[in-house]
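Beneath this line is the structure, given in structure tokens, with notes to follow.
As written, the chains take the letters A, B, C and D, and residue 1 is the first residue of each chain.
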Amino acid sequence: MNRAPLPVTPTLHVSRWYNTPKPIALDALRGRVVAIHAFQMLCPGCVTHGLPQAVRLREAFPEDQLTVIGLHTVFEHHAVMGPEALEAFIHEYRLAFPIGVDEADSHSPVPKTMAAWGLRGTPSLVLLDQEGHVQLNHFGRIDDMALGAIVGALVERPFKALAAEPHALEERDEVGCGGDACAV
Amino acid sequence: MNRAPLPVTPTLHVSRWYNTPKPIALDALRGRVVAIHAFQMLCPGCVTHGLPQAVRLREAFPEDQLTVIGLHTVFEHHAVMGPEALEAFIHEYRLAFPIGVDEADSHSPVPKTMAAWGLRGTPSLVLLDQEGHVQLNHFGRIDDMALGAIVGALVERPFKALAAEPHALEERDEVGCGGDACAV
Amino acid sequence: MNRAPLPVTPTLHVSRWYNTPKPIALDALRGRVVAIHAFQMLCPGCVTHGLPQAVRLREAFPEDQLTVIGLHTVFEHHAVMGPEALEAFIHEYRLAFPIGVDEADSHSPVPKTMAAWGLRGTPSLVLLDQEGHVQLNHFGRIDDMALGAIVGALVERPFKALAAEPHALEERDEVGCGGDACAV
Amino acid sequence: MNRAPLPVTPTLHVSRWYNTPKPIALDALRGRVVAIHAFQMLCPGCVTHGLPQAVRLREAFPEDQLTVIGLHTVFEHHAVMGPEALEAFIHEYRLAFPIGVDEADSHSPVPKTMAAWGLRGTPSLVLLDQEGHVQLNHFGRIDDMALGAIVGALVERPFKALAAEPHALEERDEVGCGGDACAV
């Protein structure tokens, strides 16, 4: 959870994209709310809860109001969650929104975007408002009603408006993969 | 669905209240979003979906932002859904938010508030914005993400603001009690 | 839980039947396994879990192998769970299997069958084998896999066979109505 | 679906085992009912329905009555569902019952056991009775009540008994991976 809006839009470090004809730059998405769902294809909480919720999020809002992006942030079992494995996963689970592979860091098991954004594990959900400021950085499960409320409020909020305090949600501190999430 | 905000806050016609020390007047709730969940205690769609969702709605927003009210709008089986039966139902299902009995109309099986508001059956959900205008009048099932989005936007919307067009949601025309709802 | 098969088939004390052209006598059902689901129409655990499971049980086995019977065992809120209320409930929830009203006892809030069989609350499930012996007397929730296993074993068991020890299942001791059950 | 019990216990062709100190031979399991759950780690219907059901099956019956075995029958995306990927999957999903890798066939994408047994896709469930005869060969989803009933009947059935006709269940013919299953 970022305690205050960042001064600039965070940057995605992506080594490969799926489901998009060209790379996505967050800077180019000003004027839309953006949801970035960070997951690992072998994270049970991502497969059972996070990704189906990202699909429902995609369906609940118009594309000109909300952009949904998946980010494959592999921090364990790297050898078996490579690009080819991810491609099969995306195909079998019929995921249709753009998905980027978080760029590997040769000095750390944690990939670059995950480290730069301070993501605590998978699934994580990051929401940017229309100006590109981080309004939510949530690790673990979040229920549909609460998520809908936050996105609904961000979508409604007039551009260049208020903001100030990001939504504070209950967070989780469990380490490792539980039924709901995998912690860094 | 009301196609435009009503000029005045609609009025509740309630013959008896539960879970509140004094009657609730919608006029007195200006400044808060209000959700009125219309149900019947023997409507399967209300028991299975509508009332549990009303409980989740109550838990998802602070009380000073959102007021949740139940409205027992009996339009069938009147003899067995009277005040004593409702009291047992509220007790057994442990419902804690205020619930009013829609006032019977001696000339019609449809009670007064239900008729005046044009409710099409149970469950129905009516949302008022901070100025008391109807922003949603929905019959049947609505999913948590969509409902969260609407309430989140209303809560966020500055008082005396914009509004204009109420949210248009898919509606249903089935007649009688289906798995999800009972139609008038 | 009866620790040993009763020497004779227990008797139903029923004051009124629904969904059957004539009263049902358990003695007449020798050769079939019989499932008696004891419920109250205002018991949340019955409405949410017990009755839907009874419907699935009815659908999972042929009628000539398994008879499913509902028993309305009212031990609280008697005034609002009378025959007319039950009739509306059966209609709205579209229950199609035979349902009997457990006969009221003028000296006790607990009805006659419930007392005679030692039922501990609602929902309860009683299973009789093809010879009419009680093989299960379970209070509270039971999962589909376990219930299917018991009924599958009873249906398969050759008539006049083995038996001996009824299935021992985890039981519950909570008093009053919880999310799952109402205890006497 | 095998229309009659096979004359001999079918053979598992397994190239590697997990969660067992030594290879499992079906011949050595006479006297127990055996459930073999055939899955692929990237098959959505297996992850969402089949494997959680196999876990429930394992928990519902004593180990001396029922043996549950997983069989990784990869017939697509072979490169990304190898032994190392499966090991990570088993670890992350915390699967505890023995799991074997169906032996690859150098002449076909379909592995040897899958071909020999005529499995139609994943998830598939094969049940052997205490004598080792196939009593169920089911492709796709099966509900808990029905599965419990079949296993309960098999477990109860006296050794060297009756049998004759295996249970006929509704089957599915969809090709490719649907929400529930992947067809060969």
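Criterion: a residue touches a chain if its C-beta (ideal position, glycine included) is under 8 Å from a C-beta of that chain, and two chains touch if they have at least 3 such contacts.
Keep in mind that this is a model prediction, so the values were computed, not measured.
Visitor: Which chain maximises the distance between its CA centroid and that of chain B?
Guide: Checked the centroid distances; the maximum from chain B is D.
Visitor: Given that chain B and chain C are copies of one sequence and touch, is their interface built from the same residue numbers on both sides (over half shared) or different ones?
Guide: same
Visitor: Please tell me the distance, in whole Å, between the geometric centres of chain A and chain C computed from their C-alpha atoms.
Guide: One centre to the other, that is 49 Å.
Visitor: When the centre of a chain is set as the mean of its C-alpha atoms, what distance in Å lies between chain C and chain D?
Guide: One centre to the other, that is 35 Å.
Visitor: By the touch rule stated above, which residues of chain D touch at least two different other chains?
Guide: none
Visitor: Okay, what are all the chain pairs that touch?
Guide: A-B, A-D, B-C, C-D
Visitor: Enumerate the contact residues on chain C facing chain D in the complex.
Guide: For chain C paired with chain D, touching residues are 56-57, 60-61, 143-157.
Visitor: Tell me, which parts of chain B touch chain C in their complex?
Guide: So the residues of chain B touching chain C come out as 42-44, 47-48, 77, 79-82, 84-85, 88-89, 92-93, 177, 182.
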